[in-house]
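A, B, C, D, E and F are the chain letters, set down in written order, and residue numbers restart from 1 in every chain.
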């Protein structure tokens, strides 16, 4: 159960209401996901989160499916239940089937293991990276 | 400094030597990265790690650049210095410039924030996911 | 469901019973929270945890509300459901309203993002810190 | 060594330059910290990060020292070297001495332990939280 | 609820079926645990995970109980509910009672605290480790 | 470089001095490890940490080598450099050779992968655990 009372979609707060409308229009959905209704308990923070997410989660040099795959990889590594559900749904909607999802998760699992092994042996970098 | 003495490339252990050759041939590089030389202190574990990585890190339903981007996203979320260096070099070699790298990291940063906010508010999933 | 049977409040173990009484008296509550009833399956560990928490979670150079805010920030960053519930209740009881809670979580979210970006770019410290 | 070439302070990019000036003016410092010079390799992301941080890290219902303490608690829990250095310097500048720093870290250490114990025993919340 | 439909034990996929049989025979259990039924949505990944786990989780220089204790320590530190349940059951089956489990978890809790304190103070290693 | 000035071994603070002596006597070493010299900047916290560690890290139902292996598994999973060095040295001193160390780390790597896969698929526990 959420630790704050979720703000109702028909709230009279004009700032929150405008953001709720923008979320639904941008995501082409007809109800506001719970995360935004919780964040709306602090309207300024809601605005910062939404404007930032909206700016980042649009196609650029990296396409949207790849961005959702990154979001899923991060959410799995952090073990965030809500986010795993949300981004699994998103990658499926964008065309990934369960076998391809398995390939994504295979990479996530592999590097969660390899990261710890590299740390464990205190491996120094092989080469000076080229920062250009 | 590594916590074990890295195994020399010209080791006389035939199992290790064969894997070292396979690593260099597969990755088209002329020296064995330090991580494999550390893992070689336990040849069975070296083999398990290498055969798994080789099987997973080839193009399938997900292309290789996307897989390296996932590897980088995981490594950044775990804060593994060696792996961040290695996968940053890999994505650059596969064509990502610094601006595109910035886009990848923007998504990684964003969801490291959003994951914690979803946890913080104990948000319940919006919908029952469709497992099909 | 807990992985051990929670120890009953009216246990006959005198060491556990004394600690349970001290927990209730110190926290001014009339039942023992579940975490302590689980830890009581190993009375020595219960004692170590309780005496340490009691010593640390009292006002000193840092006041109690700030300490509970730190506890919440840590619990959110680690994604611990039980602890998030417990420390959210504590900061609210000490006077934080939902908008102020939103401000706390904004900082938690922000630095979970910035931490990973600093790691991702392998940023070196700007200055030698002054350890005095 | 950073994985990208840090953008020079006297860059000719007008967007980056304006942000660099704002960072120095806001923080009352005379050089741009390395993290911002790395983020500047993607000017849009630089802007998103800086405007968000500037909005969040000002006094509100929560004072600035408490916000820096939260930033430190998060950075320590995530093990981010750059950020630990930076926020330790910040809390000291705002008046915390080493003994008070020790009190902050005592709480951070304590709940990193307690979080895992609560997870380990799969403790269920004691009470339904009051979301109001 | 799982994000994929769990593969039925009586699946007609011969590769998956053979692995399911091997899992039950190796673990001396009469039904396939849910994790393997989820992984089976990508049969190649199922095979990689199972062969690797089977090779590692047998007695070697380290006995099986110690290996299960390590698995529990890792799962608790990562906060993985499914894995904590599974490995707690495993260590109990191998003879650990609740008091001994408390001792294991005391060490896990202690070093989750000490790790963060060492990071917080940016402690440098005391001595050059002996890699031999 | 440490973020606080390490307290000298010949400090005139009697509480710190007594603990330093106890650390050296208990661990049979002739200098105080850096972590304790940093913690000594807050003598009360130094005492809480040392008395807790001393109580936990002695043989009980779990032997000392197993406890050090758990400490290493936790430190690797958290990526704490100082602690990895320290506990790798400890397990080697207690008799583990590099091949056995590889076996320990194989289990640590394996479950860092499996934990994330179980989280990714949102697997529900197979059975209700027996808490007795």
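Everything that follows uses one rule, which is that contacts are C-beta pairs under 8 Å (C-beta built on N, C-alpha and C of every residue); 3 or more make two chains touch, one makes a residue touch a chain.
Computed from a prediction, not measured in an experiment: that's the story for all the values here.
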Given subunit D and subunit E, the chains that contact each of them: A, B, C, F
Shared chain contacts [subunit D and subunit F, defined touch]: A, B, C, E
Chain pair repeating D-E, as identified from D-F, A-F or C-F when over half of the contact pairs by residue number coincide: A-F
Intercentroid distance (Cα basis), subunit C paired with subunit A, Å: 27
Centre distance in Å when subunit A and subunit D are each reduced to the mean of their C-alpha atoms: 20
Centre distance in Å when subunit B and subunit C are each reduced to the mean of their C-alpha atoms: 34
Subunit A residues counted as touching two or more neighbouring chains: 1-5, 39, 44-45, 48-49, 52, 56, 77-81, 84-85, 88, 98-99, 103, 105-106, 108-110, 112-117, 119-122, 129
Topology of the chain contact graph, where touching chains are joined (line, ring, star, complete, other): complete
Complex interface listing, subunit A residues touching subunit D: 1-6, 44-45, 48, 52, 55-56, 128-129, 131-132
Residue ranges of subunit A in contact with subunit E within the complex: 79, 84-85, 88, 98-99, 101-103, 105-106, 109, 122
Parts of subunit E lying in touch with subunit A, wherever the complex brings them together: 3-5, 39, 41-42, 44-45, 48-49, 78-80, 129
Residues of subunit F defined as touching subunit A within the complex: 72, 76-77, 79, 81, 84-85, 88, 105, 108-110, 112-117, 119-122
Sites on subunit D touched by subunit C in the complex: 1-4, 31, 33-35, 38-39, 49, 52-53, 56-57, 60-62, 66-67, 69-71, 73-75, 77-78, 80-83, 85-86, 88-89, 92, 96-100, 103-104, 106-108, 110-127, 129-130
